[in-house]
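The structures come next, written out as structure tokens.
One chain, subunit A, links the two complexes that follow: it is found with subunit B in the first and with subunit C in the second.
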Partner chain A sequence: MMHVLGLLFPPGLLTAPFMQNAWISGSAVAILSALVGFFAVLRGATFVAHAVPRASFAGAAGAALVGGDTLLGLGIFSAISALGIAFLTSRRDRGQITALVLAAALGLGALFLALGDAYAPQVYALLFGQIVGISRADVLGILGLTGLTAAAVAVLYRPLLFVSVAPDVAEARGVSRHRFNVLFLLLVALSATAAVPVVGALLSFSLMVGPAAAASYFGRSPASALWLSVAIGLVSVWLALVLAYDTGMPVGFFVAVVTAAFYGLGRLWALTADPLADAA
Partner chain B sequence: MALLTLVRDLLQTPAVATALWIGSIVAVVSGCAGVFTVVRGQSFAGHALGDVGSTGAAAAYLTAVQPLYGFLGIGLLGGLAIDRLGNRARERDVATGIVLSLTMGLSALLLFLITEQTSATGGPLSILFGSIFTVAPAVTLPVELFSLLALGLLAVLYRPLVFASLSPETARARGVRVGLVGTLFMVALVIAVEESSLVAGALLSTALLIGPAAAAVNWTRQIGHTLALSAFLGVAAVVLGIVLSYESYFWPPLHRGWPVSFFIVMLVLVEYIASRLWRRRREATA
Partner chain C sequence: MKGLELPRADQTILDLEGVRVELGGKVVLRDIDVALRRGELVGVIGPNGAGKSTLLKVILGFIRPSAGAVRFAQGQRAGRGAIGYVPQSFSPDPDLPLRARDLVALGIDGDRWGFSLGGARRRAAVDEALAWVDALSYAEQPVGRLSGGELQRLLVAQALIAEPDTLLLDEPLANLDLRSQDEIVGLVGRVAHERGVTVMLVTHDMNPILGVMDRLLYLAGGRAALGTPDEVVRAEVLGALYGHHVDVLRVHGRILVVGAAEVESLTCEA
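And now, the complex of A and B:
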């Protein structure tokens, strides 16, 4: 037993400075993504949760081209794409604006990469993240953005929940559906800016959709689903960090597998709780 | 017509001629599948399949299998998983997201293994950002055949698919097997997205699937016209994009050529924005 524990938790897992930074920033990103992802799943907006972090990648490529700050580039592009989706989407629309805004951002990203001389591994880092390559200064920035997003979610929680669950009733009571859609998309942009440097554009999405989707099956009330998605997100990141440290394989791979496994458990749970639900 | 002379000149260059031909085929198939994708509200699935396919390409690269079969194999698995897991509308978005997230994680692992084994970074990058100018000649025939298969599938499904897409409840009541039609359409969608992802990159596959179709939906009323216009708009964007990309080698100040995917995406956006403006004017006058 001790032997197995020794293999799973080798020395350095908790004490090496780069691992400490990874634990702190990974946990922050897990909390933030779960908070925003809860609303994304509730609103049926998982495509947006994928598109905004992915589009922000173009901002990082642009920053590399003009020699600007990567975090600033990510922030600008995720905000522009979030606002573009918010203002161009009509009610008939079911995702095509999101797809087109994403394609536009990626097209620009391709142009920036071609015009600049970006070094291939740097491109990988932006797409797949480098959680073990995070500096103390980055950690502080990520903690700040996480605090900001958590505060915004705390303030917006009740009206945003209301307008997400019952948009028509909310509108009748004077809660503007459009305004809260804009606010929600800005939340996605904020969390994308914090998450992309840590877990990468592709996998910040895993942390947004997986835990929240799993929690939606287990939680009995919105509040319990929200807390549960935070807990599942944290457990997924921690487990992934341990496994990645042990095997040397990418963290993102383990995050994706663990969150998908939680989702699978959720689906099975829903099936056993209500066997007719899936047949419909 | 200066443009026509230019295209004739371009056709003298084999790589460009192949790009024009393959690009046009892919645009027609994507344009037709795209109309149904947009009408059925499956844009997310259509986009996700492009990314899913690149995971298959990475696996193919690692095992030295022809990339096309990597794209199609993983695409089919992913597409059927999305179809099965997302059988209720509320769950479809989330199920698509989970399939996408899982395959991207797998992609991270495969690209890691590729760089470990070969220390080559160019190969995997061209998987993610495939270029239409580097289409292998061996791929041309399979792409032509799979395109025919996808178009044939859409033609056979045409009437029930239109019915099931526009009013699923009525179609179900009239005895159309809506679930089966949806699954078969998913197969056609997988072929359309994966072959364009292979020859033009995952980025362009989304642009060519959604852009021309969404524009054509705004411009037309009859679904037959929508399909024809969508295919035409797709081909127009591809041909013009290739011409502009070729021209851009002569542009100051860099003289290094702008990526073709950038031009095609921007042209598709122009088509879509024009259709939105046109539609708004028509609704204002009506």
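And now, the complex of A and C:
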């Protein structure tokens, strides 16, 4: 037994400075992504949750080109793409505008990379994350963004929930569908800014949508689904960190696999709870 | 939800004066003069595209009329929850983590910032609203697994818990079986007559509502006629609304409205 534990938790897993940064930033990003992902799943806005982090990749590439701060570049591009999606999208063509904004941003990112002299590992880190290469300064930035987003979710919780589950009714009560769509997309931008350096532009999606989607199967009330989403996100990141440390394989891979596994369990749970659910 | 003292039935609660609405350059409603009284049940009927839903949206303030005004009676509170609304389409995802009681609770203060901490009083208020619409038995069910009729009851409870003066329902009977239609019509009748809430119910099918409605608001060609069912469903009234000759046929206690050009027929039990 001790032998197995020793294999699972080798020396340095909790004490090495780079691992400490990884634990802190990974946990923060898990909480942040789960909070925002909860609303993304409620609103059926998972494509947007997918597009904004990927579009923000151009900001990081741009920051690398001009020698600027990565978080700042990510923040600017995720905010621009989120606002672009919010204001250009009409009620009918939600998908197209999101796709166009995403394509434009990715194109810019490719241009920035070509103009600069970023070498392959940097690009690789932006796309797939580098959870074990996070600096102390990054950790502080990520914690700040997490605090900001958590506070915003606490303030927006009720009206955002209302307008997400029953938009017409909420609008009749003065909760503006458009205004809260903008606010929601800004939350997505905040969480993308923090998540991309840690889990990468491509895989931050799995942390935002996986836990929240799984939680919507397990949780019955909005509050329980929200807390479950946070719990599943945290457990996924922690498990992924341990596995990555043990095997030397990328953290992003394990985050994606573990969140997908939770989602699969959620589907199974829903099927056993109500076998007719999928047949209907 | 406390019991209300029923005010005088003739008290005007909502006044539409010369309302005109243009959408995309097209006149949808014109010269709408309608005064609604407290606690009356008004059916809004008319062919598709007549502007029924638009009228509700004008009252809700979603659409601003290009002429005329919507006035709420003096001393009448406006804003938060004063107008309850049951929208035409509400079809939640089967896996939405929202129980029936959660939806109704949003009616209390879903428009307020922050989050609510629950509490016994809140729970009791939700239980009472659920009981009033006879929905307590599925209070813990996810809304995505409920039938159309069950959802309509919840939406009514959700609106009533804010103690509105007016309740607007947009096609609440569409896609319901006959029995559920009767139950919803009975429920909104109680909302109007027991709670003193002015109810406007939009439907394209007169059949289920004629027996219960106090008045009918007939919309056609952008114009409106308001009166008792007997006053409204008459050849000269409907003919004026359509702008051409219309026949109203009474056959075996049923009414049949037949237009000359656009053949539009409504059958109803008189």
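The criterion applied here is as follows: the second predicted complex is superposed on the first by the 279 of 280 C-alpha atoms of A that agree within 3 Å, B and C clash if a C-alpha of one lies under 4 Å from a C-alpha of the other, contacts with A are read in each partner's own complex, and residues count from 1 in each chain.
One rule holds for everything that comes next: contacts are C-beta pairs under 8 Å (C-beta built on N, C-alpha and C of every residue); 3 or more make two chains touch, one makes a residue touch a chain.
Bear in mind that the values here come from a model prediction, so they are computed numbers and not experimental data.
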Quick check on the subunit A-based superposition: subunit B and subunit C, clash or fit? fit
Is A:R158 contacted by the first partner subunit B, the second partner subunit C, both or neither? second
Scan A:F57 for contacts with subunit B and subunit C and give back first, second, both or neither. neither
Applying the document's definition of touch, where does A:Y263 land relative to subunit B and subunit C: first, second, both, or neither? first
Identify the partner contact of A:G44: answer first if only subunit B is touched, second if only subunit C is, both if each is, neither if none is. both
Check whether A:P222 is in contact with subunit B, with subunit C, with both or with neither, and answer first, second, both or neither. second
Pick one for A:D168: touches subunit B only (first), subunit C only (second), both, or neither. second
Subunit B versus subunit C as contact partner of A:F180, first or second or both or neither: neither
Determine, for the superposed model, which of the two partners subunit B and subunit C contacts more residues of subunit A. B
Which value in Å is the smallest Cα separation between subunit B and subunit C when the structures are fitted on chain A? 5
Find the residues of subunit A that appear in the contact set with subunit B and again in the contact set with subunit C. 44, 216, 280
In their complex, what parts of subunit A are in touch with subunit B? 41, 44-47, 49-50, 94-96, 98-100, 102-104, 106-108, 110-111, 113-115, 120-121, 123-124, 127-128, 200, 202-203, 205-206, 209-210, 213, 216, 249-250, 252-257, 259-260, 263, 267, 278, 280
Which of the residues in subunit A end up touching subunit C in this complex? 42, 44, 154-159, 161-162, 165-166, 168-175, 215-217, 219-225, 270, 274, 277, 280
The answer for subunit B against subunit A in the complex is residues 38, 41-44, 46-48, 51, 85, 87-88, 90, 93-94, 96-98, 100-102, 104-109, 111-112, 121-122, 125, 128-129, 203-204, 206-207, 209-211, 213-214, 254, 256-259, 261-262, 264-266, 268-269, 272
Enumerate the contact residues on subunit C facing subunit A in the complex. 60, 62, 79-81, 83-90, 92-99, 102-103, 106, 109-116, 140, 142-143, 145, 155, 158-159, 162, 168
